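Next up: some structures, all given as structure tokens.
What follows is subunit A paired twice: with subunit B in the first complex and subunit C in the second.
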Partner chain A sequence: MSTDSKEKVKIIIDGKEVLAPKGENLLKVLLENKAAVPHYCYHPGLSIAGACRMCFVEVEGQPRPLISCNATVSEGMAVKTTTEKVKEIQKWNLAFHLINHPLDCPICDQAGECGLQNYYMKHGKYNSDMQENKVLKRKVISIGDHIMLDTERCILCSRCVRFFDEVPKTSEMAIFNRGDRSEIGTFQDKALNNNYTLNSVDICPVGALTSKDFRFKKRVWFLKDVDSVCPGCSTGCNVTVSFDPIEKRTYRMRPRLNEEVNSYWMCDYGRLRYKQTEPENRILAPLKKVKGNLLPIDWKNAHTEWKEILKESSELAVLVTPQYTSEELEAVYHFFTQTVKTQAIFHTIEAQKLSDAVIDELLLRQDKNPNSQGLLSIAKKYNLENQDLFYFEQQLKTKSWKTLVVFAPQDPQSIPNFLSWLEKGQNISKKILIGTHISHATPFFDLILPTLTFVEKNGTFVNFKNMEQKINAATRSVEEAKPIAEVLCL
Partner chain B sequence: MLVARPKAYTKTFYIPGLLIGMKTTLQHLILNLLHIRKIPTIQYPFQKRERSPRFKGLHILTKKLDGSIRCTSCMLCQTACPAQCIKITASENEDPKVEKFPISFQIDLLRCVMCGYCEEACPVDAIRMGQEYEWANFAESNYILDKEFLSNRPSLKGGVISKLPT
Partner chain C sequence: MTHVSMKILFEHLEVPQIHTLSTYREKGGYQALEKVLKQMKPEEVISVVSDSGLRGRGGAGFPAGKKWSFVPKDPLKTKYLLCNGDESEPGTFKDRILMEQIPHLVLEGILIAAYAVDCHKAYIYVRGEYTESIATLEKAIEECHAHHLLGEAILGTKFNLDIYVFRGAGAYICGEETGLISSLEGIKGWPKLKPPFPALAGFNRQPTVVNNVETLASVPWIIQNGAAAYKKNGTEKSPGTKLFCLSGPVKNPGTYELPLGFPLKDLIYEVGGGLINNAKLKAVIPGGASAHVLTAEEALKVNLDYESLAAAGSMLGSGGVMVISESQCMVDLLSVIAHFFKHESCGQCTPCREGTGWLEKIILSILHKRGREEDIDLILNITRNMQGGRTVCALADAAAWPVESFVKKFRSEFEHHIKHKRCHLNVH
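Let's look at the complex of A and B:
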């Protein structure tokens, strides 16, 4: 729904005149115009609930303040967001929200990005006059593989309920009981079973829903954010990567708004792709096979080794996976066609997967590579787009290559049958792996050169719609790893 | 360039200052010999100076009434620490009422500047600055204090229990 087609009308926000589309949600317009109206239950990607009563504003001509999330823009509206009356409402409304809140911020993962903490410091700052005991509810309930529920912290904004109703359309969560005993949950604490559960953690304004994956790992104020793109599949969801700059480790990935690709959401599969960047399963240094054992060597030795291999090899083949950025792939194709002068560059794109639709409720695609389209367009440029994995396996029987360079996938789960031909290729004397992860196939290679994962480099991924999207470097988890261009031109 | 040499008598100008200094020294010697005045020096290892109750010495991790560690590993001390000497690893506690506890709590004493910000930052009175200040040791590794030492070292005689409500 584009707002351009709508008729624009003049409204006044805190004395400032702005143009807004007629009939648009008033809170949305206020937030777009940088009026800091507090809100919990309103989320631009969900329907309107009017449950939290935080977004009160005064509109001239109206007898009393109204909630802006349930109001629409009309001609000549004069909205005031900072009057004494509004401030009073916000303050005591917040007090009402906090009556039964357990205040266990020290053990709550949301602390630091919590709606209650932020609004208390901004709009609250009252002394609690509550005399009654707090209503105690259930805590630490596991619902599903990724979510931990704490009903005591919940402020009943119903964002999660509406999310499961509207986005994955599984309607798994609901509000049970009445009055101050109301609590969110799933029916009989059943596990949430869809691929979008972790979005509910993002949209929860308090710490009621927390991620098991991120649970107690890190306080959020130690983390830094960088805009990137999810490498999990060819959809290319826009994400924010959070990393610790001191520890040099990535801790989580959250969706970032892009109306054309992923809106506000991303899938759980993609969200956990950041684990592939952790140094535990990575190649930490260049490895060389000496008498059947892979031994770590330094880059200087790897350099000479690589040079010798290129000098000797008359018969050289290259296998590329679409897990690298367009810049890297361009470098690979250019280097091997112009400098090494070989046309035997093969890619692993499966044509029937490219056209496939989503395989879950919303976003995840069968093609688990972030840059298939990018690789295909670069291969077309060099007239090599027909050389795929099937063709490679056929050629393996007839041709006698001496050297093989493999650019391994950065996510080993994405192309599971990628090295199934290894047993057939016994007559290849030198096998070189350029990649990030140690796998069961690693011992078959003679020289292994570590390269960077998606959080460690800048570049471009081209998604299934042929949209070019930029990824940004966050932190280098493996010091020794080098970008592809440096690996090639050693 | 020629510089005029100062007159010979100027060399004797130091004598009055020397005499004034000697007078002060002798004065102190006589006063101390005859015990006319109390000497500020104390016989250190045998005799110890009295410290204020607010003295900032070796850190203590307090315990709950049931003897378990009081720290919830909220990391506020780690955040407040200007020397970055605290390292906490949080973990899930078996008891759902406790939920989070530090599976390791390390203080690098060689980095610590004894500012007491950790004590100020702690929301649950879990870390305190104690009274001990004699921590001479042989190896650097001995200065990285772990959870057991901070909460249960022999000098604490079973640990310090914080009686504040949890």
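Let's look at the complex of A and C:
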């Protein structure tokens, strides 16, 4: 529900008067107003659990402190978040969280972004009174393709349980047993079986749920974040791309809040798309076919080749995929229609996939391209929007193109049969591929020019709802890959 | 026995076959129900019960009439009445007597309460171990259905009610009213966050009243005899009678119905016949394991009513009076209580989940010769930070109170264990 429609009332937070929507969750309002109220179990995208007991505040007129996550805003309420009483409660509740925690930060992937570590610095008791043996629980349990569980690190905030109950509605996780023997888990350790499992790692405030993809790869303090958009499908989930600026490598992608698009979540399929940007999966240099083999050449030679091809070729066709930014696509359409003067620009958009349908009833769409709407609107500008693959196939039978320039998908999984489909154009004598993915570097092509993936460039993707969303460059993982403008020698 | 008091709940306890409908009716059973259904409006029932001053007998002592009055009057809403028969407070064994021996008294109470709050579906949540209670209740319900006392058009009126018996699985936490509701809903018996309170959104998110067995069983008598007659028993603020479960090394342990305000000393020495072998009294836990322990001196002065026990720093609780003699080690005893609460903490919220386990470990350390001097203050610090609204429900408070009071009032025994690595009684 949008909070804008709610009546705003005055409340006082630590002596400062602010306006807040009447009836809104008090903790949410406190956090929005920069009151650093500690919390573990509260998550704005999930129901209220009231389990961690960290978010106590004092409200004037109330006989004793109350948890702000289960309180609502009312007119004139005066909230105090840093009284001695509140601090004492936070200190002890944090101590309760820690007494049975294994404190294995040196080998824990959450270190650096851990709720326990962070609050400990601010609210910790420092000298632990705990001299007894800790409760031992099960560790290193695989609960799905992407998730590892350590029940000893778990603070039982129940965020993951509520997530699977409320978002994918698969209810696979639960808390078993009672008291200090309580353990998070799946029934009989069955694998999580949905496309949203990695969100549980994001929302886990500690290192209990870790991503198999990310664990032991990188300490988080080496990573920088940029805001971007997932290229996995036409939903266009807002994401944060985390990369190591020194190593120039992307390490993970996590959802970023956008109520209009993806809320707090994204799917596992989309989240792992960043792997296609890793150098192991990339075309690392321009390649030229010599005697049936692809050999790396430098860009100077590549450009000479490219210019030769453009000069020679009077009959040239272009095939574009909706995997490029609107800016790149505009450049492509402009260059080939105005400079090369060909109208034979075809696109791979399949109209029936543009329907609203999501495959898994949450976020992942049938159209696994990030910019179909962007491509269509640009093609329309050049009156070429009807030139799709079907049309291309028809034309192949009559036209005698000598050159085919292909802007390959950056993610082979978005159009899995792309290469086999291209076999239809094998009679065209010169075939040039502009792309990023190693699986597309086959001797079917005469010249291969590497370009940038979504983590390496700025630009715009237009999602299925026609929302223009910006992607931002994180790092250049492949030195030799060039922006489209440079590839085309604009 | 010097104190001869009126029997309200146990009036017909000794009558043979009182568990059957026919005998119960011969003794005047279901007349209160008939009076209510045929002559009284629901508001009138609530007001008689309110006037009687009847307070919840499960432990918290909340006025029953007030609880009923919180239920919304909206006729379109489904309302539920849940009878709490999960009796699991250590030292308490009173509800089972009512359920096993006078089941119709409980059912009549439920029927009257259901009429008062416009409820047509009631559940009796019975502790899983109480198989006998479940069997007798089910038999009694069957009899009622056969005689138009349950089901549709009860006693020829427009009032309908079905009562179902639900067998719990023996978890202490399911005696907490919202834990009970969760369990009844088929989910893990975790207490719910309040607000919302059950009167507005309880079982299945509908208005719900949860009353203890003994509370409901008191209702028929109050209806039949009036609020004023009920108030003649007990004290001004704690009217009526209450069942007290006397246990420990006394000559006559058992469940006794006594007027509220009855001196604890007389319960132990007169009703209970004193301690076995005339042992010296050391302490008394007056209201179930979660109540603050009283020293012998405190115990001999206090009366058994809500206010007197609160003034003495403890509580009437469930009425489970546990007597402790001089020959018992308080550290040992506390370790048993601490183990119970650690075992029964549901684990939902942190201070209770971690605190109960931590307390047990420290107490066991002291008992097993590993205690440290600083442990005593640590125990008191932990208990202080578990209670006073720090948790979802009151189990953490219930776990903290005995520990806190044992350590504060019998500190020297704990210190002896720590210093000399053995018990002052030489029993360990």
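We take it that the second predicted complex is superposed on the first by the 477 of 490 C-alpha atoms of A that agree within 3 Å, B and C clash if a C-alpha of one lies under 4 Å from a C-alpha of the other, contacts with A are read in each partner's own complex, and residues count from 1 in each chain.
Keep in mind that, in the parts below, a contact is a pair of C-beta atoms (placed from the backbone, for glycine too) under 8 Å apart; a residue touches a chain by one contact, two chains touch by 3 or more.
Computed from a predicted structure; not experimentally measured.
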item	value
Partners on subunit A (subunit B, subunit C) - clash or fit	fit
Which of subunit B and subunit C A:266 touches, first, second, both or neither	neither
Partner chain(s) touched by A:130 [first = subunit B, second = subunit C, both, neither]	second
Subunit B versus subunit C as contact partner of A:30, first or second or both or neither	neither
Subunit C versus subunit B, contacts on subunit A by residue	C
Contacts of A:229 with subunit B and subunit C, given as first, second, both or neither	neither
Shortest span in Å between Cα atoms of subunit B and of subunit C, once chain A is used as the common reference	20
Subunit C-contacting residues of subunit A that also contact subunit B	none
Interface residues, subunit A side, partner subunit B - complex	104-107, 111, 139-140, 215-217, 219, 221-222
Residue ranges of subunit C in contact with subunit A within the complex	171, 188, 193, 195, 342-351, 353-358, 361-362, 365, 372, 374, 378, 381, 385, 388-392
Residue numbers on subunit B that touch subunit A, as the complex places them	72-76, 79, 90-92, 96-97, 99-100, 123-124
Residues on subunit A engaged by subunit C in the complex (per definition of touch)	48-53, 56, 64-66, 70, 88-89, 92-93, 96-97, 99-100, 129-133, 135, 155-156, 174-175, 177-182
